[in-house]
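Have a look at the structure below before the remarks.
As written, the chain order gives the labels A, B, C, D and E, with residue 1 at the start of each chain.
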Amino acid sequence: MATSARGGGEGEAAAGGGGGGGAAAEMEVEAYRRLFPVAYFERHLRESVRLDARPLASPRDTSVALGLVGSADGSALVKFGDTTMVAAIKLEVMTPPAESSDEGSVAVEFYMPPICSPTVRPGRSAEVAPVISKQLSDVIMSSGMINLKDLCLINGKASWIAYLDIYCLNADGSLFDAALVSTVAAFTHLEIPLVSVSDDGRVVTVPGELEGKTKLPLVNKDKRKLMLNNVPFSLTCGLHKEHILVDPTAEEESIIETFVTVVLDTLGRVVSVYKPGGSVLAYTSILKECITLAKRRAQQLRNILNESVSAMEVDKSS
Amino acid sequence: MRDLQPSLNQTQRVRLQSALRQLHSLPSSSSSSPLSSVAVADPIQVNHDDNILKGHGTLDCDGEVVATLCGVVERVNKLVYVRALRARYKPEVGDIIVGRVIEIAPKRWRLEINFSQVAVLMLSSMNLPDGIQRRRTAVDELNMRSIFEENDVICAEVRGFQHDGSLHLQARSQKYGKLERGQLLTVPAYLVKRRKQHFHHLEQYGVDLIIGCNGFIWVGEHVEAGENVGMLVEDQKKTSTAEEESWSFTPLETRKHICRIANAVRLLSALGFTLTVEAIVDTAEASLASNIEINDMLGAEFFVQTAEREVQRRASMVRKKG
Amino acid sequence: MEYVNPLTGFRIDGRRPNELRQIKGELGVVANADGSALFEMGNTRVIVAVYGPREVQNKSQQNNNQALVRCEYSMANFSTGDRTRRQKGDRRSTEISLVIRQTMEASILTHLMPRSQIDIFVQVLQADGGTRSACINAATLALADAGIPMRDIVTSCTAGYLCSTPLLDLNYVEDSAGGPDVTVGILSKMDKVTLLQMDAKLPMDIFENVMQLAIEGCKAIANYIREVLLENTKQLESRRGG
Amino acid sequence: MVGLSEGEKHFIRGGIAQDLRSDGRKRLQFRSISVETGVIPQANGSARVRLGATDVIASIKAELGKPSILRPDKGKVSIFVDCSPTAAPMFEGRGGEELSNDLSVALQRCLLGGTSGAGAGIDLSSLIIVDGKVCWDLYIDGLVISSDGNLLDALAAAIKVALSNTGIPKVSVLGASSDEQPDVDVSDEEFLQFDTSGVPVIVTLTKVGRHYIVDATSEEESQMSSAISVSVNRRGQICGLTKRGGAGLDPSVVLDMISVANSVSQQLITVLDSEIAAAEASEE
Amino acid sequence: MATTPMTYSPSQGAERRQKQQQMRRMSQELDWKRSDGRSFHQCRPACLQTGATNAASGSAYAEFGATKVIVSVFGPRESKKAMMYSDIGRLNCNVSFTTFATPIRGQGSDNKEYSAMLHKALEGAVILESFPKTTVDVFALVLESGGGDLPVIISCASLALADAGIMMYDLVSSVSVSCFGKNIVIDPTAEEEACQDGSLMIACMPARNEVTQLTLTGQWSTAKTNEAMELCMDACSKLASIMRSCLKKSANLSS
């Protein structure tokens, strides 16, 4: 189902064993791969190598770019190998409900437009999209990453609602992990516009050039950046037979028996563990190993994110 | 053909109404009197002692015979039935029809013929292009599209209903087959009367006119029976340059005749007059005689004139009889 | 609000309580359909086009013993007083489609046209009360125009009860007054009620009066429809000639 | 969908090449057009236009609304077209949606001018009642009842006629406080006629072979290689244009088609003018 | 979020109106400065890239100023819709916008108008006979709407079709102009489009000198139409050569 016709190229040479095969040999390997995907995959695993020539415990090349979408208040583009996510945040004003008059809110939606995968057609959304929306929203809330009180503008009158929309541009496995990184990155990039209250009680933005000139009272002069407290990162591990494969691709996901997704916060605490059904039982020892792998990955992601922040600052200043 | 409703001026309207009134008052040449018209649910007077047979368009309702259609009550010996006017085509064995292929199914073509179902033309009910009578082979079956393909207009004959209720056609004659180089018109089937001859070669025009019993009327360039025009158009499909195509177009003179005949059909159908070859040719001739442009045949003035001419024609027929 | 003037006994639009609005039927309004009709009851105006009997389009719905009858009801955006952009297939139109289909199916001799399909497309141009009645009346005309055999002429009319008076053929204002209203459909020759819809409580004796009034309305409409059909038939026959 | 055999297609193409179409028309000749006004009495204006077997209704309804923040000095106009299943069984359910959308967009493009409101066939400023507060929202609805080609031109003609038949109630402003929504009184007796001098007509040129024809029937449309719809006003200015898909065209051909459409449109406007006058006379 | 409260964007309304009025006033003059400093007849720099997503048979990413579009092409593959017998393939186009593409957060739904327009612009260029009985799906996602969206989508889609190896008569490139009073301004931004007096968009196959799609709004004289068309055609052929070199670059890379 999810065989990526193109991603194949590099994997074969390493896997086929022959290495030096001509076009004919390549065809044979390709045919074998399509006809017997599991056998092909398992033969790789025995050599401790994956279809794309990665070692089992290596995630794909990961990159984060901030501020891609000019029309949004915060945005980020995240790539895990070929999996690509764009996340953007738009801030709007709402009247907070009475029971939480000093809080704003976050609305998360995860989209899988038809461009991301051959299996998605216009008019019908992919069935995993709402599941990932829900997981993301749960993790954002339960991790305490955002203090909703920071989103308050005027107690009881107005607060921010952050619409976070994540589009998957290319679905090649580990969608949740990539979506979560893009979420964190978009919030990191988020710049809250300077606003004041107009005569009719509506909150309006104050354009940069008018700052200091407008007669209207500025509401949020010192709340222009959101403090992120416990930044969560996640790692999805595929469990197949006795092997653990981190950051699986779509092709691997279609073969692998089961998965465990571990979400950790800044302090290395487990925020959530998610394991959909599946044949293999995740033993405690395996789970522990997954957590160890996730810690390593979280650190790595934190570094990548920091680099992207400084890259952007360099960009700005130059 | 209800698409033709010319906008009449005041005088024309009065003239048309008077013409139609006269038509109404003229005694009809057929046996039925105007009084025998019925609407749905109208009772039909019968003498129950006669052991009458209740035919098409009638229903027994509490001992009374009532009509289920709008139409004219016809009585043939003991049979009483309602002859419907506007309705889809009711096939009878031996009817010559014109139809359009809508689907190619195993060993058969399925045709739209203005009936409540599609009609079936079996490969075996069809003369093969080579003209040899033989068993149909699998190769023939694969080549069906080279005989008739989707949307082709075909002339055939009603063979009858099969036991499964489907309507079958046959085309085992040189005169049947694909119709090309012309136009297909559709009129209500009740305007076509069954006659001995439905193929007409109008020699003076070089035009073929086929009046299908199902209300599909073909007007096209004359083709000698058996002449294989199919190949001609096949060739054109391949050679697609505009220049080459233009050589094969219907000559303008013939096209004028085709369009004039076609407009005569459109006009008569809009007026609701029976479509006989005589009426059609008369109308075309009348338009020529009074120098009416082809398109103006569909205009208000000629519309009214045609109605008036029909009044005269029928009146003179009554006089002859009387 | 006074829907019936207590002094004169006239209704808001000047009718007597048992008076129908102006009705008008016209055949052949859609060029390419097998049968079509326009029907007006006062300001309510509908067009019906009938396609068929023709080959069943969706083979799985084909019935070897009888014709498949289908109906789709749509309202033009401009059909109501307040302009509303309506979605196709909303609940109300699905319901009315069903009512029209079932009512017409009761009259069509479907067993005479096995393995075929008859489509009744109803388009409301103006809705001013009694739309479903107008649709049924128009459908009868259109089906007859298409030469589809029917048991009987089906007609429909509404009646209501306002200001202690049974009222025939409610217009929109009367219809939205919130009083009880009854929509009746009859097979006119057989004198059988095939459709009865009422949405309010009404004492039995009053109900009978109101329903009787509606039936009278149906019969008057049936007479009119018969005349239209007969006149059309005579016209077609005399034009066709011998 | 019109299914035609190769033979019939060839015949149609030949007729167009020889300037004698199947019904005897010349390439640039319309079918006879018939116009009826006031067909929807409940609307502010309405018209029915028939071109051969093509039959459409346009209705104009005016409702009070609020001008958009971005254009406080203008009223709003919206155009929607619906293809009734009565016209063809294929419009059943959502079958007509694509065509309806296409026609709606093409009409909007041809009648509503640029985003600034310049070049609109309908003067949007005439719809304003109180600047920034109250305006008329004009709803233009087209309904296709019967379809035999050239729907767009027929709809645009119907809209033009319906607009000329439209009376908009006179409105007097009662309350005049500056920041609140003012009270208005809508007259049931006095109506203002609409200025329709600027409303364009649409002429669609269908290219078949090397030639173009106007007012194509569905059968002829099935033979189109491409088509261009041009909206032209009385002064001969182009007010909108849409190419209706199909094959590519040489720019010089496009320009030629525009100028042909322009000259045909003036004839169409004259025909419509006299039909409007006749329809109004017969309505009274 | 089960119940989304009524929310509004703080940048709505007054401020945008002011900006537009300012723009409007300015554009009435004979000579004014475009906000991004371009001259009237200068296009935005075009950034094009093929192979943006590899889930598809072919894809392309286009960035013209603030306008960012990504297009994927799938197929030829089996048609989802039941089709009548046909010798030719089907081209299916779908355009959608992200919720954050526009200044005011949108619904992110399919844009039927653009889908239909994209189809019309491409159908004259794609050789449908080359994939009988199957469908080629062209899906476009507008990441950011910064003006001239449709022309960018069209150009980007034809690049993606080429990347997918679908046979075409020529690349389709598309450019639009806005008209302000007497001035014609090429490749307008969203701000400019919001208050233009008229617009003209051309999609064409420059190598064959054929127009595949042309739309025009507002009032135009014949002379001005000619001028605008010429401007667009010229820009289209320049754009096409950029597209061509982009394809060549990716072809060199992959070989």
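By our rule, a contact is a pair of C-beta atoms (placed from the backbone, for glycine too) under 8 Å apart; a residue touches a chain by one contact, two chains touch by 3 or more.
In this text the structure is predicted, and so the values were computed from the model without any measurement.
Chains that touch both chain C and chain D: B.
In this assembly, A is the chain whose CA centroid lies farthest from the centroid of chain B. Central chain by Cα centroid: D, whose mean Cα position is closest to the mean of all protein Cα atoms. Ranked by separation of Cα centres from chain C, the top chain is A. Look at where the CA atoms of chain D average out and do the same for chain E: the two points lie 27 Å apart.
Centre-to-centre spacing of chain B and chain D amounts to 36 Å, using the average Cα coordinate of each chain.
Taking the mean of the C-alpha atoms as each chain's centre, chain C and chain E sit 50 Å apart. One inter-chain figure worth recording: chain A and chain C are separated by 59 Å, centre to centre, where each centre is the mean of the chain's CA atoms. Listed for chain B are residues 2-3, 150, each touching two or more other chains.
Residue positions of chain C with contacts to 2 or more other chains are 30-32.
Contact of a single residue of chain D with at least two other chains is seen at positions 52-53, 146, 148. Taken together, the chain D residues at the contact with chain C in this complex read 39-43, 46, 52-53, 55, 57, 59, 61, 63, 80, 82, 84-89, 92-94, 139, 141, 143, 145-148. Contact residues of chain C toward chain D in the complex are 29-33, 36, 43, 47-49, 51, 57, 72, 74, 76-78, 81-83, 85, 88-89, 119, 121, 123, 125-126, 128. Across the complex, chain B is touched by residues 3-8, 10-15, 17-18, 20-26, 29, 32, 34, 50, 52-53, 146, 148, 209-210 of chain D.
Interface residues of chain C, counted against chain B in their complex, comprise 28, 30-32, 34-35, 52-55, 64, 67, 109, 113-116, 144-153, 188-190, 226, 229-230, 232-242.
The part of chain B that touches chain D in the complex is made up of residues 2-7, 100, 102, 149-153, 178-184, 220, 233, 236-237, 242, 245-246, 248-250, 252, 255-256, 259-260, 262-263, 266, 293-299.
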